[in-house]
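In what follows, chain A forms one complex with chain B and a second complex with chain C.
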Partner chain A sequence: MKTAQAGTVESMDCLVTVSEAEPGTGLVLNLAGSSVARFSKAMEKAVRETLEGLGIRDLAVSVQDNGALDLVLKARLEAAVARLKEGGESA
Partner chain B sequence: MPKNILGREIPEFIEGYGETQPFMGASARKPEGNRAGPKLRATFGDCTSKVIPDLKAAIAASGLKSGMTVSFHHHLRNGDYVVNAVIDACAEMGIRDLTLFPTALFGVHKKLIEHIKSGVIRRIMGSVNGPIGQMVSEGGMDVPVVLRSHGGRPRAVVSGDVKIDVAFIAAPTADAYGNICGSQGKSACGSLGYAFTDAMYADCVVAVTDNLVPFPAAPVSIPQYYVDIVAVMDSIGDPAGIVSGTTRITRDPLRLLISKYASRLIEASPYFKDGISFQTGAGGISLAVTAFMKEAMKKRGVRGSFGLGGITGYFVDLLKEGYVEKLMDVQSFDLEAVKSIAENPNHIEISADWYANPWNAGTAVNMLDVVILGATEMDRDFNVNVNTEADGALLHGIGGHQDTAAGAKLTIISQPLLRGRIPCVVDKVYSVTTPGEVVDALVTEYGVTINPRRQDLIDACKEAGNVPLVSMDELIARAHEMCGPADPVETEDRIIGVIEWRDGTVIDVVRQLKKK
Partner chain C sequence: MRLRRTMLYLPGNNPNMLLRGHLFAPDGLILDLEDAVAVREKDAARVLVRDVLKRGEFGSCEVTVRINGLDTEYWRKDLEMLVPLGRLDGVRAPKVDDAATVRLLDEALSEIEEKAGIEVGRIKIFCLLETAKGIFNTYDIATASPRVAAVIPGGEDLTADLRTNRSPEGTELEGIRRSVIVAARAAGVDALDTVFPRITDDEGLRRETEFIKQLGFDGKSVIHPNQIPIIHDVFTPTEKEIERAQKIVAAAKEAAERGLGAVQVDGRMVDAPVVKRALFTLTRAGLLEEGTEHA
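Let's turn to the complex of A and B:
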């Protein structure tokens, strides 16, 4: 299974890890870090919207957050997906 | 459920706390009756030494029993050995169900968790931070924690709300008859301000020292006639944790910008003139504001009267260079401050009662022009929260926040708009520490937000022409746009913390976090 990453765990950033998922699994989302206590719904929405925009249905996404705003989270996810498409790394 | 005037739901009775008095306004509650007092004792010429070298023997001699209230001061900060040593000894002696009444606790005290779990400590009246705060927030104590400000605590003691059975006073220097000094000895901490009320009102006072000197010790902070027992430890604290090194001004450009705006606000205010007094604390932004103010004072030839509160080397320099005439010191943060309070008669040690107790004949905060404070969050009505974090956990004490805000003519909260994704302005704060009626302005990197009831300040800033003003509505809208909608904090009904206003009324309560 291939995975790819983008981002950092610096303040106001996040580290997004994406892995291929079997067709039909949908989004498997794992959120962790400082914003989760109050912003998990908003974070999930940002992830879903981004994947929808990219036309991706099946993906495992793990976010290690350190206070990223939505635009950062979306950009990191987009970059991680692009790296996965370029080949990613075998895990 | 009954609500106080801020609309906060406060039950009439809280299990483990008792009947509540709802908050009625910053200076609404008037005291009745007389001051409380400790038990009388007599000592005659046959007693010429109060030294009991062994800590356990000293505890036994103090008469401390299960169920009693013990107090401590926090001037040894994160270097303190005394709280842990005393509670460890109590545990070994089979003493249980204690009420711990510290002026503050630090990370070094996380060891108390085992004593809370085993029942040695049943209740804490004082701030809870870090791991202890997290444990309390998740329901780890049977009795709610009671939070009081630096002025509210002595008020509770002198009014009889809290009765201290035994006060343990960490004493950097003491003589055999109990004269205590804070500014000398290997564990010197400077001012002993927070310990005075405890010494005067506890039924038994135990000085715990690692520097026993010949009688009489001098100078004296707390005199012998309050002290019953002098116990000796090899070391009462770790100097590295007691005093910090030189406190540095922030280099973060965002925080420097906030500091610059805050300084301009002060300069535009009617208080920026000869005799100005201020309290800025030791935070990075606060120190930078002081630095900018110093420049402005130099440029405009303004001389201040006094600096108040927790004192740093930076304030000592202001005193030496003549920018202020006096320092009134309730807590000396660094080595320069400790040195200065020992040597300079214009650097005055003051008690917490003197500093901030609303129920005496007049405290130092009443004479304060400007105070710079922080916040975890602030709302549309300018109510400030410093006690709970964004996830609802009770992790911070009140300190002098309420007292200085209530006393100062100009109360400024300085804070970046965002900490991570967490905004510092919200529609409604999760818990209230300090009511908006005593808060004048918020300064963020977006500018200065002035409480609408201070039209005079708004006009003064407009006239100055260099203070960017931003309304609270605008600021909240901006924060909301960047952060998105927040999920509510999920709690149980059970109350784990009671936040008292400085007059003993309940301004808010904190509820147990729901298990995730």
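Let's turn to the complex of A and C:
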């Protein structure tokens, strides 16, 4: 399975890992980090909006968050998806 | 005129700095896609900088991006992704060696502005002169496009190209700073100084800033927020200077109303260049709106 990453675990950033998923799987989301308990809904919304904008339905997304704002999460996810499309790495 | 006492570099792949940079209230921001970003992170940094620009909270800062060099494969993509947003005030181009480099950048900007429906010529160009050739061509570079807002001598790259290194006294940059100031003034653009690399040496920074201010520089690039208040302090006029400038401007206004060319203030002749300098002092003191026409 192909996988790709973008971001860091520095303050106000997040590390996003994306992996290909079988058609029909939908979004498989895994959120981790200190702010997840409070912001998981907002984070999921940001992920769904971004994938919708990119026209992607089936994807496994894992987020290691360190206080990233929505716009940072979205930017990291977009960069990770672009890297996946360019080939990613075999996991 | 726009104040450019301090322009703060923000690493383009660092959300923390990109989002908070304006809070330190520099006159300008440089979202850096070049040296501060590793080659393998260029793509992610571009997306991040684009989204930070979209959000557009930068206080009153002039917002610029340092693009990758025109000798790399990245610079066009940097522009294509960021210019159409319509939020950028300028682009800082590294290693500008000659007028042809400026013209190439100018044409690329015009093309993207036109396509995006942005006023053509809106985005200014800030030229980093990081080679001996660039310094030698300063005037040609500064006049190569009406977009050029400032020329900025480099520090590390330039001294390496000169086969020397940076000393605390800055001996190696002295002649260069003097020649850049003359070329910048002749071309009618700002002269901005290179960064001061020793971020804990406040005294050294103050000394260097006083020196470049006396030479005529408009400001300095900044790599750490702590450097901002020191540079602003040096560039901000004293109470006495402000008082005198206000007197001169008032006297000049009165003279103009009475149809006189020159007047006296405290026993000294005041003519156009003195009034111009006084207006400049008041602008630096924040007492005149930026953009006020100078006499």
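Just so it is clear, the second predicted complex is superposed on the first by the 91 of 91 C-alpha atoms of A that agree within 3 Å, B and C clash if a C-alpha of one lies under 4 Å from a C-alpha of the other, contacts with A are read in each partner's own complex, and residues count from 1 in each chain.
Quick note on the criterion: a contact is a pair of C-beta atoms (placed from the backbone, for glycine too) under 8 Å apart; a residue touches a chain by one contact, two chains touch by 3 or more.
The structure displayed is predicted, hence computed values, not measured ones.
With everything superposed onto chain A, say whether chain B and chain C fit together or clash.
fit
Look at A:2 in the shared chain and tell me whether it touches chain B only, chain C only, both, or neither; answer first, second, both or neither.
Neither partner.
Return first, second, both or neither, reflecting whether A:39 touches chain B, chain C, both chains, or no partner chain.
first
Is A:69 touching anything from chain B or chain C once the two structures are fitted on A? First, second, both or neither.
both
After the superposition on A, what does A:11 contact: first (chain B), second (chain C), both or neither?
Both: A:11 reaches chain B and chain C.
If you've got the overlay open, could you tell me the nearest Cα approach between chain B and chain C in whole angstrom?
The answer for the closest chain B-chain C C-alpha pair is 5 Å.
Indicate the residue numbers of chain A shared between its chain B interface and its chain C interface, in ascending order.
11-12, 68-69
Would you pull the chain A residues touching chain B in the complex into a rising list?
11-12, 34-35, 37-42, 46, 65-70
Applying the document's contact rule, which stretches of chain B touch chain A when the two form their complex?
Result: residues 390-392, 418-422, 482-487, 489 of chain B touch chain A.
Okay, in this complex, where on chain A does chain C touch?
Residues 6-8, 10-13, 68-69, 71-72, 74-76, 78-79, 82-83 of chain A touch chain C in their complex.
Chain A touches which residues of chain C in the complex?
Interface residues on the chain C side: 13-16, 19, 43-44, 47-48, 50-52, 54-55.
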